[in-house]
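Heads up: the structure comes next, in structure tokens.
Order of writing sets the chain letters: A, B, C, D and E. Residues in each chain are counted from 1.
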């Protein structure tokens, strides 16, 4: 096999992996802490994309420099993280922590349906385009092919996000406090941890990450109704492959899927559609809890 | 034996008789709503069995779709009798559940739910992609015969309704009896404590497997009814994940208290959707989602909890009356 | 053949922790064995291995002459080796009655019989009799989650014995039970089990209970059996005193029936 | 008394922006025109056969099976007199039998699958379609390439969405090319990404590396916009020739960002291809549409409006013949095989026993018009109906495989 | 120090505690003794804010506990050892012990840790072992130490000697003796007061959710 093709598969694969990771990581963070499989994640993604595209549109209309787009991406995600995060966590999730985990999934599914239509009410059905940041960065040539630099920055962003989260969870006190909260809320409270605050903060972080996924993709896609639905299923798959609640798991899962998919597209386009579910089924057969399974407490 | 013929059994039987009587008066669009409710109700019973075990499937559209597609494929092969189609649909869905069961019985909680979804998505992918399976367009389903009989045009759908009502009735009674059997009571046992089940000498996984196959069979029945009712099968409305979501929605709406309630839940869902669609053509998701949220928040055990709520209130009132009486007696 | 259980060279490690090392013990029919040992000595692990919940790193376990290593708990249970748990394993949201019904249903049925209705008059009568024997019939219709700890323990044990096992292993039957109740509870259990002629083995921290109900003692320390002797001998054993009982134990007080 | 018309179109989901909403706009405009008698002759009378038209627009999202239920509800519960609309081929395929069963006049307006009249409903009575099949679209694309790009095209490859529309489009195009340019090879590895995936980096790499130099795509809407954005950034349009069979759906919106020198199609005389056509009905439509919605009408607006024109023609004609408000049967009789005036000249229900329209099809290449500030087309070729459709009674697939015999070009 | 009056607590719809009132004066060791299911755990959990009080007052050091959020207890210097230990499995023993010091402003936590290790040298032995690698009894010691870390003013222990081998139980008592000498206020819930009887200054007997007697030992 020729070396160029391998290189192209690697680059394409990593770009797609970055996409998957950014889309999935917020989901895994929230699941890891709150034990809620948050379907509204898809709506966070959509909101992120819409707000960014909308703001970039306004920005461009105002004749401001294109570079501001990058600033808007992070601002949008941050605003949404706080606003949506607080609304959903305070308004919905906190009533569900004591209930069955399936109920929480369904409640967030319902909230997702509602949010989808809220997007429709705010932004209408017209698609939004915000290519400016992508055009700004130009392109480079790798292995005889042109790649846009914007997609390549996504790879960098992915590793930055993954590292920051991993460090935060494993090497900081906040991370260890989170572990305690994850394990047992009542005891955590008894140990002086403000669980309500911790939940709110993680949910805001998770929402921010979901919105960031959408915001960062806004410049390369057409932002239109329905983009959230596609994302949820993909994100679920990645998270399940990696082990639910595990950040390194989400990263490895995304990379495995991304590269396999790239190889499939180049070599056997027919199987592209099945790559992700095929990998998911395989992983689960051999490692039922995903690649990175959480530690369990003893039962008897 | 009269433990089998309990209140629920008679309730279901009365329901069946009522439906058959109603059949004479229904307008055609209502009959269609009824047929679809019966179909989705069957699937939801399957989910109820799993739910009582503490398992929720976000992918039962897989078996539903298998049942439905079996009808279409068998018709291509020239089989056209409803009863044969039903048996085939159940068989294919059941076999699929049987094989997948070997893997899925190892999973619990959210993993079970998601893995089911993954499998349904794989089937969705195959159907949407394979041209010989109709791709996204799917297949049309022709009118069926009933044990060789082909009724007159205006009798066709009423007769179909009668059959569907019977299938649903048998499914519901069967499921109800099953839930009362030793194996059925194990639903609760497995949900509550698998370690204890193992140490009582039965494999929790095996118990789950049986339930999984049953729920697959029931979803197959639902799929067959749906395919014949609608006259068309396609992947988007038969196996895509929101379809599975609808089934779970119905299960929540109805509550897991009683198999009969499931059909009421399915009917309510069907009406809700029809009217949401009519009155808010582009905001119907908001209405459906909003109702689901309200149910989860305020009727945690579904419609069935209205009943228990009423009963509680009655009992409270009764208790109050009793104590008042007693107080009165004492005073006297 | 009078041996119910024979264990040869049993070993078990969890990572670096040695939970069982070189365990060689045997139980005769009709005996009552008490397992004592400090926390973390490997008592529960031993029971877990014998009943198939954990697979030993190496070694052989023979129950009624049959090697049971590698069998699942359910298979071991069917052979007639049952157990109760340190933390009672019951169906929390169901009533005691239904707990027992299911237990009997599973024990008595197999194959297609499992599809027959669970509730039969006959079985209900049996359940009620068993509840009476364990003196928990007062709680018949209470959800297991609302039961006092002691009753829950009894239920756990009652559920463990529905198959009329040849050997039952009870993991700390009296832990979390108040002093006043302990003896009464053990009386109930032992009497019920003796009626069925069951061989009993239980883990216990309270030496007074051990003294009173047990023929032979195994003392565990760091995964090893440091003493396998009659109760009286074991209580005098140097190592047992050092690692398990401590200095507090004064037999004289027990005989007096009061404690300091 | 009114004539109630059920109109399914995508109000939610990803097909709404490119198809559903423009279609809905077209319907609202044409219904207004019809009800007020604003349209130029011969449609300058009010309503359908004198009765006001009431359009019940409903959502087409959710798959064919769901649409069967919705149509049944519209007919049996809301008592609509006819159905005019339908975008997705899946919906057309799913509902065609139902239309016959319910005996409801149904004019399908956008869907292109040949299966409707060639497999599912070979003897149609109540179902009509007022748009060319997808086959015509791809055949005319191939004819355009054969006519204009001989020697330039070395091989064809494709990127199409992985569902019936994309699969059919690629197959028809490949077959037509094989007949018209037999020495041009077709790839063995066409790309079929999942619909609505939005992220095409890998596919773009694969297409860039492909040795074939012409890319066929039936992408539409958001997928197409994303694909164009990503491909532009990666210089794909500089490397390859492109034929976008329904590219017009996004050309107006993208404006200058839409690449130039690309072949785009509209599946007939609609949208960009007729933007400057002076026929009175078309001029009215262009003017009023731009006035009402602030943008030019694209193909779905035209196609839905054309369905309503067919409806008006049939009702009016049947009323004239009957001397009173017509029955559905009479309306059907009037529409079957009819030739009626549409936006740019007459169109004919020429195929499938008079139930399937045949129109001309047009192809050209995009170029930016600075003066108008709009993308326009140059080098346009108009292919007459007989040139891109099979003769009456011949199945499209057989016709394509048999080398398109009997075509009248 | 801790003063509770007329406390009613329900779990779900079931009333569990009815009008419970106790007082733990500063520097004393009090016992809450009752059979299984009497409501000891419920009472302690209610004080910790894990269960809502239907009625009644709870006051600690002059602060109203009913109004305070659950996590505030630790900040006030109340340490709690739950009945079933509940150590965080991913953390080591020492991290488990240090956990409360990360969120509350304990002065010189390192010194306090040293003091705890002095009090219970056995815990120091497995300080770096993961919580899952400990047996039930070992975990109990760690949970005890963890409670001690925050419990600068009041320590509440739920059945410290349950399921503990006699050697360990003795150690537990010795440790508590040490605490008593150090002047800590302690509230111990036990169904079995055999080990600790001699240590207690005051004994409250609880039965079926009500205090039936409360007297100085």
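Everything below uses one rule, namely that a residue touches a chain if its C-beta (ideal position, glycine included) is under 8 Å from a C-beta of that chain, and two chains touch if they have at least 3 such contacts.
Since we're looking at a predicted model, the values are computed, not measured.
Chains that touch both chain A and chain D: B. Centroid distances from chain C, each centroid being the mean of CA atoms, peak for D.
If you compare B-D with A-E, the chain pair joined by more contacting C-beta pairs is B-D. Set against the Cα centre of chain E, the chain with the most distant centre is D. Chain centres here are Cα averages; for chain B and chain C they lie 43 Å apart.
If you average the Cα atoms of chain C and of chain D, the two centres end up 77 Å apart. The distance from the centre of chain B to the centre of chain E, with each centre set as the mean of the Cα atoms, comes to 50 Å.
Across the assembly, chain D contributes 11-12, 162, 192 as residues in contact with two or more other chains.
Residue numbers of chain B whose C-beta contacts span two or more other chains: 128-129, 195, 282, 285. Listed in rising order, the residues of chain E touching chain A in the complex are 45, 48-50, 69-75, 80, 82, 86, 88-91, 95, 99-100, 102-104, 132, 146, 150. Listing the residues of chain B that touch chain D in their complex gives 27-29, 32, 36, 128-129, 131, 135-138, 140, 142, 226, 230-238, 240, 274, 277-278, 281-282, 284-285. Here chain B touches chain A in the complex through residues 56, 58, 103, 106-107, 109-111, 113-115, 117-119, 121-122, 125-126, 128-129, 195, 241-242, 245, 248-249, 252, 282-283, 285-286, 288-290, 292-293, 296-297, 300, going by the rule given at the top. Touching chain B in their complex are the following residues of chain C: 51, 53, 72-74, 77-78, 82-83, 85, 89-94, 98, 101-103, 105-107, 109, 113-120, 159-160, 162-163. Contacts from chain D toward chain B in the complex involve residues 11-12, 57-59, 62-70, 72-73, 75-78, 89-90, 93-98, 101, 113, 115, 120, 162-165, 167, 192.
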